[in-house]
Amino acid sequence: MTSRHIVACGLATAAMMLLPGCSNETPAPAFGTGADLTRGAIALQQYGCGVCHRIPGIAGADGIVGPPLVDMGRRVYIARGLPNTPANMIHWIRKPQELAPRSAMPDLQVTAADARAMTAYLYRSS
Amino acid sequence: MRTIRTVIILAVMAALGGTLFVYSGLYNVAATVQHTAPVYWLLNVVMRQSVQHRARAIRSPPLDDGAMIEAGARLYRVHCVQCHGAPGIAPAAFALGLMPLPANLSLTARDWNDPAELYWVVKHGIKTSGMPAWEFRLAEADLWAVVAFVNVLPGLSTHEYRAMTARDADVVTSVASAEAEESDGDDGDAARGQIALQQYACVTCHVIPGVVGASFPVGPSLAGIANRTYLAGILPNTRETMIQWLRSPQAIAPGSAMPDLGVSERDARDIAAYLETLK
Amino acid sequence: MSRDSRWRLAAVLAVMLLGACSGMPVALDPHGSNARQTARIAWVLLWGGASIFALVMALVAYAILESPTRRAWLGRRAFVIGAGIVFPVAALSALLFYTLTVFGVLASSRGAAPLRIEIVGQMWWWRVRYLDADGATVLVTANEMHIPVGRTIEFALESADVLHSFWVPNLGGKLDLIPGRVNVLRLDADRTGVFRGQCAEYCGAQHAKMAFYVVAHTAAEFDAWLAAQRLPGNAPRTPALQRGRALFIANCAGCHTVRGTAAMGELGPDLTHVGSRRSIGAGALPNNVGTIAGWIAASQHIKPENAMPSFDGFSGEELGVLAAYLESLK
């Protein structure tokens, strides 16, 4: 067996070992259209969400006041024990004071379309 | 001939080395010490692959019947919540000392695509993990009822879970108070705090840098928590408020999915000290 | 010039020209007489220089390619002196005369009495004072200037600490703010709109986050704006806003002013009508109740080493009412 064979066998083994591990985690729920992604990124910037939260892919969004909004697609609960569904996320973005009255997260009067777009973006970014 | 000789020599060396390793006691099996990352990954992959392979022939029945889910909720409350906890409810004290920790089932149900796999695990258990087999203690219908309930767990909020399980008389209180180990208000031991994170099952719900296997995004990630201004959006983040939060989250943010775990003052101080290193 | 760099130059020019079409702060998109004059000088230099360059290149080509007898006249002394000394001196003198005339026009005050605004640059924000004809202060605000269209605005530029520079590309050129000196810049806007300005002289780590907005109104709108700004801050109408005001007085009055309350601090920007501004943090952030809260809680993270500490000891609820109060100061 030449060294090339050994290397090839080694790589094949490693590949076979790694491939099953790829499918363990749920991909983020498919939500929203491509246009929503673009609009969501803009909305997150325009409402100033990055002042308090770190948001991947948004320039200047590296706030430390609230938790980082990474991997939102994989979270089980958002804010105050709410299960992570698109409807709940949109509700939270639009009316946080209803769901968690003493929270520092403000009511920014986000429109329904903007909240939907932001949710789509947060779910797809990680 | 030379090749065969080389192979034989290598095999003998491997056997000797293996024997030495096994009998020397070098490998630490303490449940308080994390697995190394490669060992953890290996165990996890072997488990998933095995379950997937063996469950592929099983067809699950329809799981959305309301009565079935309710029956599953009752069974869950009696048999499962002690180890796995529930939204806003902690596992029992003994379960917090297990390694691997019993998974948070809201995440499992969402990440495992096939309910038949969940059924297989409930029925057969998992070797060396502490997950018992229920095949000889629950009827088939009961096994599927539990699976049906676990299936809806990801969408249940704390309030909804309590409402679903409130009617039964045999409430299993799963929170045991830890020994009141008072610390003397010192700075806290971050190294001990890293171990305590495992012992209070924090790793089953939070992504925590520096802790193997803490990659479950049930709640928010704890990366950068040292610099974060607010805890749960309510409390300004200082050492003392972090200790308060760790010890009684339900009092501070009612309805939060984070349960009261009976964390002692000393353990809370040590955990807070570790979290202060996560910048 | 290689082929690659030629294409690059063409691309750059195209982008610059196209940029003039949008409202972005590009110096080639003038909306005031100062900017217009400056842009004109730029175009004169560009086209004049380009033409002379083309002419010289033509002569070079002629000198290389033409037969020796036909091109001999290029070497004659009369041509060398005429084209090499007399022409440049004349052209450059004309250019000098032209630009000096334009600068003279820009520097002189003309027409009706200008509106006087005093700007004091600090690290890293702009203190703004509107003055009347006698130099008395009419209004104190910060980080945003509103002006009437068509009237000359006389900005008196000073600095409280280091060098800064005042630049609104749509309206005019830069002028430095020099400690110990008052520089006067005269600008005007020829249409209503919002123009972004920024500090154009490196003044420390947050120099890039020291911007401002100039908003041009019609004369009537400007008078209304000025009258509204001169009123004291809105009184809080709900219990939550009153709690917010109490927190403000207790924590912020040492550095900030809100006219109509006990807060008369002058270390930081005047906040009497902060809710009406387009941005906070001197152009660094959009202005809403959330960004105000985020600024209060973590200003040192957003603009490290700025003079305002991060107020990270408020509970979530306290922060919310405090930010709501500030946002209500419209």
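Note that the chains take the letters A, B and C in the order they are written out, and that residue 1 is the start of every chain.
The working rule: a contact is a pair of C-beta atoms (placed from the backbone, for glycine too) under 8 Å apart; a residue touches a chain by one contact, two chains touch by 3 or more.
Owing to the predicted nature of the structure, the values given are computational and were not obtained by experimental measurement.
**Q** Would you say B-C or A-B is joined by more C-beta pairs in contact?
**A** The greater number of contacts lies at A-B.
**Q** Relative to chain B, which chain's C-alpha centre is the most remote?
**A** C
**Q** Counting in whole Å, what is the centre-to-centre distance of chain A and chain C, each centre being its mean C-alpha position?
**A** Distance between chain centres: 37 Å.
**Q** Mind checking the centre-to-centre distance between chain A and chain B? Centres are C-alpha means, answer in whole Å.
**A** That gives a centre separation of 23 Å.
**Q** Measuring centre to centre with CA averages, how many angstrom lie between chain B and chain C?
**A** From the centre of chain B to the centre of chain C is 57 Å.
**Q** Please output the residue numbers of chain B that touch at least 2 other chains, ranges allowed.
**A** Within chain B, the residues that touch at least two other chains are 227, 229-230, 233-234.
**Q** When you check chain C against every other chain, which residues touch at least two of them?
**A** Residues 297-298, 301, 315-317.
**Q** For chain A, which residues are shared contacts with two or more other chains?
**A** Correct list: 52, 64-65, 102-105.
**Q** Under the stated contact criterion, what part of chain C meets chain A in this complex?
**A** The contact residues of chain C facing chain A are 285-286, 288-291, 293-295, 297-298, 301-302, 315-317, 319-320, 323-324.
**Q** What does chain C use to touch chain B in their complex?
**A** 297-298, 301, 310, 312-317
**Q** Where on chain A is chain B touching in the complex?
**A** For chain A paired with chain B, touching residues are 17, 20-21, 24-26, 52, 54, 64-68, 70-71, 74-77, 79-85, 100, 102-105.
**Q** Which stretch or stretches of chain B touch chain A in the complex?
**A** 41, 44-45, 48-49, 87-88, 104, 106-107, 110-111, 113, 154-159, 205, 207, 217-221, 223-224, 227-230, 232-234, 253, 255-258
**Q** Which chain A residues qualify as touching chain C in the complex?
**A** Of all residues in chain A, those touching chain C are 46-49, 51-52, 62-65, 97, 101-108.
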